[in-house]
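Input: structures, listed below.
One chain, subunit A, appears in both complexes that follow, with subunit B as partner in the first and subunit C in the second.
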Partner chain A sequence: MTAPTESETLLEVTDLRTRFRTPAGTVRAVDGVSLTLDRGRTLGIVGESGSGKSVLSRSIMGLLPKRNVTCEGSIVYDGREISSLPPAERRKLWGADMAMVFQDPMTALNPVIRIGRQITEGLRFHLGLDRRTANENALALLRSVGIPEPERRMKQYPHELSGGMRQRIMIAVALACGPKLLFADEPTTALDVTVQAQILNLLARQQRERNMAMVLVTHDLGVVAGRADDIAVMYAGQIVEKAPTATLFANVRMPYTEALLASIPKLDEPRRTRLKAIPGRPPSLIDPPPGCRFAPRCPYAQERCHREAPPLRESEPGHVYRCWYPVGVEPRRDGAADRTDTPTPTGAR
Partner chain B sequence: MAGTGTAHLRPEDETLLRVQDLVVEFPAGRRKVHAVSGVSIDVRRGETLGLVGESGCGKSTTGKAIIQLPRPTSGSVRFEGTELTGLSGKKLRDVRTRLQLIFQDPISSLNPRRKVGDILAEPLRIWRRGDRSEQLAKVREALDAVGLDPDVAMDKRPHQFSGGQCQRISIARALMLEPELIICDEPVSALDVSVQAQILNLLDDLKERYDLTLVFIAHDLAVVRHVSTRVAVMYLGKLCEVGDPDAIYESPAHPYTAALLASIPVPDPAVRPDDEDVLGGDLPSPLDPPSGCRFRTRCPRARERCAAEEPEMRAVGPDQFVACHFPLVGEGGDGAGAPAAADGDGHADQSARAAGSERADGDGSDGDGSDA
Partner chain C sequence: MTLARELGKRFLSLAVVLFLVTLFTALLISMVPGDPVDTLVPLAESEEADALKAQVREDLNLDEPLHVRYASWLRDFVFGDERGEHFGDYFRVSGRDPVSNRLAEALPVSLQLMVYSQVLALVVAIPLGVLTAYRAGSLFDKVTNTGAFALMAVPTFVLGLALAYYIGVWLNWVPPSGYVPFGEDPVEHVRRMVLPSLTLAAGQIAVYMRLLRSDMVATLQEDFIQMARSKGISDQRVLWRHALRPSSLTLLTVAGMNVGTLIGGAVVVEVIFSIPGMGTAISQAIFERQYVALQSFVAVLAILYVVVNFAVDILYAVVDPRIRHARARN
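== the complex of A and B ==
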């Protein structure tokens, strides 16, 4: 349980901008992202490939490449501004404060080091445990992430395990020092649906038991719908809509979110109905469109959208979106979004 | 050869493609990978058969074995009444013009050094279909049909296109020789959802326009349900359940189908993911698949009989067939004798599953270990 004196807010990111200098030009991978996360809560970050989800998580963790990168903006973690800390200081936060489960467990685990040492190393370094205690903790951890015969697994190498098992190990490594904040970057994308469900449930259980906050990154709205407290939708390096999960699904404002939801084949729809595809594809991050970044693909786009970038507006407490002509706000003409937005009755469908 | 049965096959004269007791094994040291172990499927003209199952269950191997790439270890593949397993040389190549496979990875299956126009014209040149200007017209038509601007696309190379566009190019290439049947191996799995819908709609249009029959391989059940007129669910080299998608999705008969359906994340916050329905354990190794029913090591309904005896495919509805001793639907018989777990006895259910997952795990790692 959190001490009463602690503030509820664990993470507050303001106007984060991460850019990569490449031969083709400057890639604006994260372009003005702000978000807050309370202790013990889950924020789902959804977006298509290349929208900047991983770079956002890595920027907050302080895990960016050393060269040809700039990262600006404020990151306040547990009441402390960390964006200006030198890399060595940032690294001290890894493990006991923040940890990450990576998109690809095979590249994140060291292939030539036994599983056991990969877990105990962090425990000894960060928590200063001796070898025996670290070993005992590691065994308990492996058990808690559902790994049978943990003693045997400790002596194995990553390639000797199945994909689902490796992802459990990654989770065990990330949880080893009891982080307050966990970034799970598409922890299940490489896995089959049945294993994906096991892993997501495991993460949820661990999170409840530890009152740990989690940033759950995915391209699948289905994965976060039943699991995140809030959802942020990313498009071309920006958050284009963010809201408490139930609110987002009940009162979608951003046409991109609407289009994304409509393009998913659903189990409860009649078969072989035509899918509502989004034409075209996401824009270049080197030279994004001047107005709304979704305008070239948006069914509601008007002249203003191509000219002027819409700011992030609030439609109800905690619900923000980036659109001149938001969904569900009539009439759809210039300035429509300035009107007070009366939310339609929310409802657990 | 103990297959999983053929009760689900329709009369042969009604089908365009008929695969019976297909077996594909790969050598692995002194052992064998049992990739496909007695699969039977058939496809009627105009149907879209959805072949679904998790990674490694043998979907691609089945697709490739149908076009004899490589030739299956045993079993029969009949296309338009011709047995393909005995064919070779020109005769086989001739059949392959009418029976096309779009490979799982579109980008690596397109020659990076050649222009898109040449890639598409190549099959026409090889088969001497039409003169140069006719070939060019055909290439342009195919590019246009898959939604690419021929003027822009013809002279570019594959790496200049996105994943979704490469998928369109592979589809265009498969169309060049006007095939009867196309096997699409995971045509949308690598694509973003917004682009995935474009390709699914495209396949639907092309099917109409060219009177195509499709075999659609995928691991996403929602996608498969969307496109298919018939569905076949695979697990570890065997078929579990075959039939009408509405029947199967409405009330799955095989415990594996049920688990797969329960694992699909639903984009609706009112649907809370449920720990109860989640399948435990990992896929056993195909080097040493479990005896009896291959699903038994992870199955919540498994009993002794499942280890001793392999379940044969049988009907549980007008167009629903299942290979399971204790299916979730079905009139009386074995279904009535289902284990206590089915009646909501949580404890029995849990312990059966726990035991199952441990066994599954043992099998899997032993296989991996000695392989390494």
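== the complex of A and C ==
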């Protein structure tokens, strides 16, 4: 892995903060996230429901509604600060420069518009193609995402296709105008297990062929393990650990990441082994705990963890984590010996 | 085959609706005090007059009990009388006249009024509904909604009279009453129809707008709207091409059912603006106790109502391909 030169950087996000104003209070859905992504590379963003991973990709793209939402921080795309662009300028990037594949193919395609038009719409809008050329492009796209009988599919409606087919269509829509950056927001969560791998392989192949960067958002570490160059683990609106994939799996630092890994059931375990769920629930993003946000659920949490928020620290080049008492770093101070024993009672703020 | 079955089902429901509606009309009007013969024989009390009235009563079968009269009307309505007339006769002092003649004059006028007001209501309500949903919660949304509520609360006859007076008489922009056939003078026709159509449309605008707004607000939360936006197409295009059609099913249903309300409203509006349509014909038939004519008018409007709602059912399939395919499978 060579160090990226300046021009290889496609996306640089610095201290991004997204807040939702709700009747219950201000939700800090994304709270100070920084990341960089080089051209043609894949960043996996992993986290459980409500960790802010979907909001993060929507914030970077600028897709969130304007009402009751504030988005601060710097987003430099292709050498250009886009966070301050007027909405109309920002929209020009959508589809043409950055595109998104949505989670649920059953609901993300318009039920009353033919497949063909949903694909050609962007082509005609951004590239100004005439109907015939756009149709030809759409056919080629459908073929490249592995849709049989593309001519017939063009005239069909989404409800006439299976979930896997629809996700392929969605990918075709996202790829139509040749974006340089693709956000895949849990692209396989709603699909059958047998189809998941096909869709992920399709995304990987398209990405390679187009030298497109991809942000792969998922709650499943298994999905990103073999596919992402770097992995960022999100918890309660923050990145809690980020590293090149191999480094992350070899030297987990953050207890949350460790718990995520441990919660994956393994085939070689004896039958009826209890699933290792992470106890408790993610904290409220309206009023997060003052210390480490994972502390209430962390088996290693110390007094300091509840009191003081840990900063992002770097353990080796490219590997950052947010923890006072990282996994695998000895000596662990005060009481680290009982790390495998009873977790500190939750809510000890 | 499926089409034949569908049509058969529709025909059956039409028959049931017609039977019930006309039966109730017959029952209701028989309860209204007054005697049609008094209108037809406008003579002072005398033996001669009484004899004449008895004669007329017998001629018109008015001496028969209600169920016999109804059955005879129904028979004529379905099979036609000896002349082949289905709607019976309209009796006047000057003689009798087939109701079909009266229908031929009045029905087209009312249809024009209803179509104009419905088109006007939709043309105003759809953009307002779309824009208020797009700007939900904004000042524009609030003002428009309040205005719509106010409009809904104003009774038709108040609005009609107010428009006729202020715009027709006071400002003198358009004639406050009367009717000119389109074929005679198109410009004058439109000028005369503006106020009645507007009066009839006003209440509908509010209802349609609010319906579309609430469905549209729900649609705009859908994933496929996010998806459409993420393609980078304009908001206008997202609203009109992607969001409107999936949001319009309720609107369509209510617009179809509203034909009933429109007929009721048309009676008032036609009387206020002196338009010789079905409303005027019906109110005249009521005042003159024209049982046969009234039943025929009501039956025709009931047919219209059922047919329009059948058309709406067909339109569902045009608007939503999922319904189209579900139907094709059955």
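List of remarks:
Operating definition for what follows: the second predicted complex is superposed on the first by the 318 of 349 C-alpha atoms of A that agree within 3 Å, B and C clash if a C-alpha of one lies under 4 Å from a C-alpha of the other, contacts with A are read in each partner's own complex, and residues count from 1 in each chain.
We adopt the following convention: a residue touches a chain if its C-beta (ideal position, glycine included) is under 8 Å from a C-beta of that chain, and two chains touch if they have at least 3 such contacts.
Since this is a predicted model, take the numbers as computed values, not measurements.
Residue contacts after overlaying the shared chain place A:Lys92 against subunit C, while subunit B stays out of touching range. After overlaying the two complexes on the shared chain, residue contacts for A:Ile278 are found with subunit B alone; subunit C is out of touch. Comparing subunit C and subunit B on the residues of subunit A they touch gives the larger count to B.
By the touch criterion stated above, A:Leu221 is placed in contact with subunit B alone, subunit C being left untouched.
Shared-chain residue A:His159: touches subunit B and subunit C both. With both structures placed on the common chain, the touch criterion links A:Ile264 to subunit B but leaves subunit C unconnected.
By the touch criterion defined above, A:Phe294 lies against neither subunit B nor subunit C after alignment on the C-alpha atoms of chain A.
The interface of subunit A with subunit B overlaps its interface with subunit C at residues 159-160. Within the complex formed with subunit B, the subunit A residues making contact are 48-49, 148-149, 159-162, 164-165, 192-198, 200-201, 204-205, 219-223, 225-227, 245-246, 248-249, 259-261, 263-267, 269, 271-279, 281, 348-349.
Looking at the complex, you find that subunit B touches subunit A at residues 54-55, 162, 164, 192-198, 200-201, 204, 219-223, 225-229, 245-246, 249, 259-273, 275, 278-280, 282-283, 357-358, 361, 364-365, 368-369, 372.
Those residues of subunit A whose C-beta lies close enough to touch subunit C in the complex are 61, 63, 67, 91-96, 99-100, 102-104, 107-113, 121-122, 125-126, 157, 159-160, 170, 173-174, 176-177. For subunit C in complex with subunit A, the touching residues are 137, 222-224, 226-234, 237, 241-242, 245-246, 319-322, 325.
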